[in-house]
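Scrolling down, you'll hit the structures one after another.
In what follows, subunit A forms one complex with subunit B and a second complex with subunit C.
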Partner chain A sequence: MSQQTVNKAEWPLWEVFIRSKAGLDHKHAGSLHAADAQMAMENARDVYTRRMEGVSIWVVESKYVHASDPGEADSMYEPANDKIYRHPTFYDLPDELKHM
Partner chain B sequence: MTNSKNMSIQKLLYTLQIADNALILGHRISEWCGHGPVLEQDIAITNTALDHLGQARSLYQYAATQFNALNQEEKKGLFVSSALQSLIAQGKLLDEDDLAYLRDGWDFRNVWLVEQPNKDWAYTVARSFLYDCFNYFFYTELRNSKDETLAAIAEKSLKEVTYHIRWSSEWVIRLGDGTEESHKRMQQAINDRWAYTGELVKMSEADTAMLAEGVGVDLNAIASQWQERVASVIEEATLTIPQDTWMQEGGKEGRHTEHLGYILAELQFMQRAYPNMEW
Partner chain C sequence: MTVQSFEKGFNDKLDKELTIEPRDWMPDDYRKTLIRQISQHAHSEIVGMLPEGNWITRAPSLRRKAVLLAKVQDEGGHGLYLYSAAETLGITRDEMFDQLHTGKAKYSSIFNYPTTTWADMGAIGWLVDGAAIMNQVPLCRTSYGPYARAMVRVCKEESFHQRQGFEIMLTLAKGTEQQKKMAQDALNRWWWPSIMMFGPADDNSPNSEMSMRYRIKRFTNDELRQKFVDVTVEQTRILGLEVPDKDLKWNEERGHYDYGKINWDEFWAVVKGNGPCNKERLEARKTAWENGAWVRDAAMAHSQKRKERSSKKEAA
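Our next item is the complex of A and B:
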């Protein structure tokens, strides 16, 4: 019961993504509390773009982010460690192709 | 007093009217710094305080330029502050800091609304909302001023004010259309601030003189825009417009509520106690 009261009083958590300039991707900037999407957007503007950090904001309520389980990291990521052939570094590129 | 003298003084007073609103409201809002109800809103409202302060600075810089161009007799007659009188007697030029820190209460021309205490979040939101609705339409019009400096300041400020009005309207709606408690307290705050709104759109001598010159804004035209905007937000917030028509006024003539003295005591203490002190 008391847990419920606490949850009711606390505004939900939101994840904030900022695009620093046109053409670049939105990057995760941090999180904040807000009562709804509109307030989250305004809070994000005030907290994360005060120093000209962005030109576009996405906000997503944190509960909608599905995260991988750190306990499964071994099986999830380690198998990639010895498969360097997945990097395209074994191809001989013609000289005309610069900046690859 | 010849007509041209009169007009330079009127323009200076007009500039100070706008600047003083910005400084005093900015100072009031800055009192929330570190005390906001949640971290995010603490930052949001402090950003707003800095916007007002930035506008005040541009306007005081311009006012100082205008003041320095007056002749000695005109300068002497403008302010009651003895600190300023002594600078003027020494023939010193004034700057933005002198105007902010060395004028007395009688020399300030801000409206009463902006000097009212913060009380709680609802009262702070109500004060900002009623002022922002005015300020938004005021700066929108001032962009057309024949005075290029004022028009440029208005152009830059309007972007900030557009966000202010969005923020404060949002909170009026949120609290008005929120819980029974928040509704009651938001309505009370609007009711109590209401008597200070008439002065916003009442033409002072400087307002009238500058309107005639094509420099100032017609506040009678702003009044209906203000009413419409305020009414639509208040309706969306499920609140009611107060029916009182008795309005308080005096700020534009230099008469103030008891609150301004306390604000100036805090705001000006350092420069008054330690003249010319810098950080």
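Our next item is the complex of A and C:
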């Protein structure tokens, strides 16, 4: 790509993840455009945390996110479908059993 | 899979009230309708910053100024949430700006009216944001996931916009005779444009039927307009002001207020570009975009240069 076309291009798209308070996971908040990571961070603060919504921000350029194909969801999650014995409620135990 | 089976999957999701997500199959007209609606919604937020921006430097107190600044900043943020929601449908940000600047995409006509006195800041917050909230709350359950999530965020933030507007109106209405007059004058000028914000009447709204079928819209224009009139008339009483509609009357049988005839000629004239401020608003947006071009280019060039420098360092 020539310098010219790079300059005429849109700023890349970034995905923003925010930790709303200490101890919680970062959660996807939305996306924005920025020329580089530092600008993405500052824009994320201005766009997604105007009301103290976060204590920590991650930004990732959207092109690095790989997503599963919704068309393949059935086969993708099928292996877990018939394994209800992975849940504690599957087991039939007497009511008087305590602390378990 | 055939197109029919894709379409069935899509319709099943709509029937089950499940959201449609960016990578899901969707019919072309669903995609097109959403791009049109979301981008026009985004444009409305951005153009909507202009009439209020007009008063930031002339707000009557530091408190009012800080509040107005925060509100206008929120609107910028809302525009950004919405632009990124639209981008998930395959249109670029620059394409949307281009559609705005060339007049291909519309924005809410309400922003083509001038803000001539400070009371307009009150009337806009109370009526214009009030009407917007009425429209936006059902959109939190719209069928397209990214749009619905953006609207949840917008609605949470919007509530203060309306409250601060009502507070301005209340202060003026309880003030001197001159202030009260100013408040009434603002209500007179913003009432009809506000109730036009819900769009054409149901029997004359070409996009409504499809939008309802796709669960993009959950209520018709007239249903929302009626709801707005009903709650707003009651609020006007608290202000001690008068709604500028001599046909406004409580209808016991319907359980709603009847209201006068809307001037649809005015509505269409403003939509078509002949409102009091259409030219000025569009000009302001275009100028900002063109004058900002060198900044956008410089930021990209800077980022590019830094990338090249760091990859050279790694190679060495």
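Rule of thumb we're sticking to: the second predicted complex is superposed on the first by the 79 of 100 C-alpha atoms of A that agree within 3 Å, B and C clash if a C-alpha of one lies under 4 Å from a C-alpha of the other, contacts with A are read in each partner's own complex, and residues count from 1 in each chain.
Everything that follows uses one rule, which is that a residue touches a chain if its C-beta (ideal position, glycine included) is under 8 Å from a C-beta of that chain, and two chains touch if they have at least 3 such contacts.
Source: prediction; values computed, not measured.
When the shared chain is aligned, subunit B and subunit C each come close enough to touch A:A35.
Touch counts on subunit A: comparing subunit C and subunit B, the chain ahead is C. Touch criterion not met for A:L24: it reaches neither subunit B nor subunit C. In the superposition on chain A, A:V65 makes contact with neither subunit B nor subunit C.
Of the two partner chains placed by the overlay, neither subunit B nor subunit C lies in contact with A:V55.
When the two complexes are overlaid on their common chain A, residue A:M76 makes contact with neither subunit B nor subunit C. With both structures placed on the common chain, the touch criterion links A:W11 to subunit B and to subunit C. Overlaid on A, the two complexes show subunit B and subunit C touching the same residues of subunit A, namely 11, 32-33, 35, 39, 46-47, 50. Listing the residues of subunit A that touch subunit B in their complex gives 11, 32-35, 38-39, 42-43, 45-47, 50.
Interface residues of subunit A, counted against subunit C in their complex, comprise 3, 6-11, 13, 30-33, 35-36, 39, 46-47, 50-51, 67, 69-71. By the touch rule above, subunit C contacts subunit A in their complex via residues 1, 21, 23-25, 70, 73-74, 77, 80-81, 84, 87, 92-94, 149-150, 153, 157, 296-297, 299-304, 306.
Within the complex formed with subunit A, the residues of subunit B that make contact are 38-41, 43-44, 47, 163, 166-167, 170, 174.
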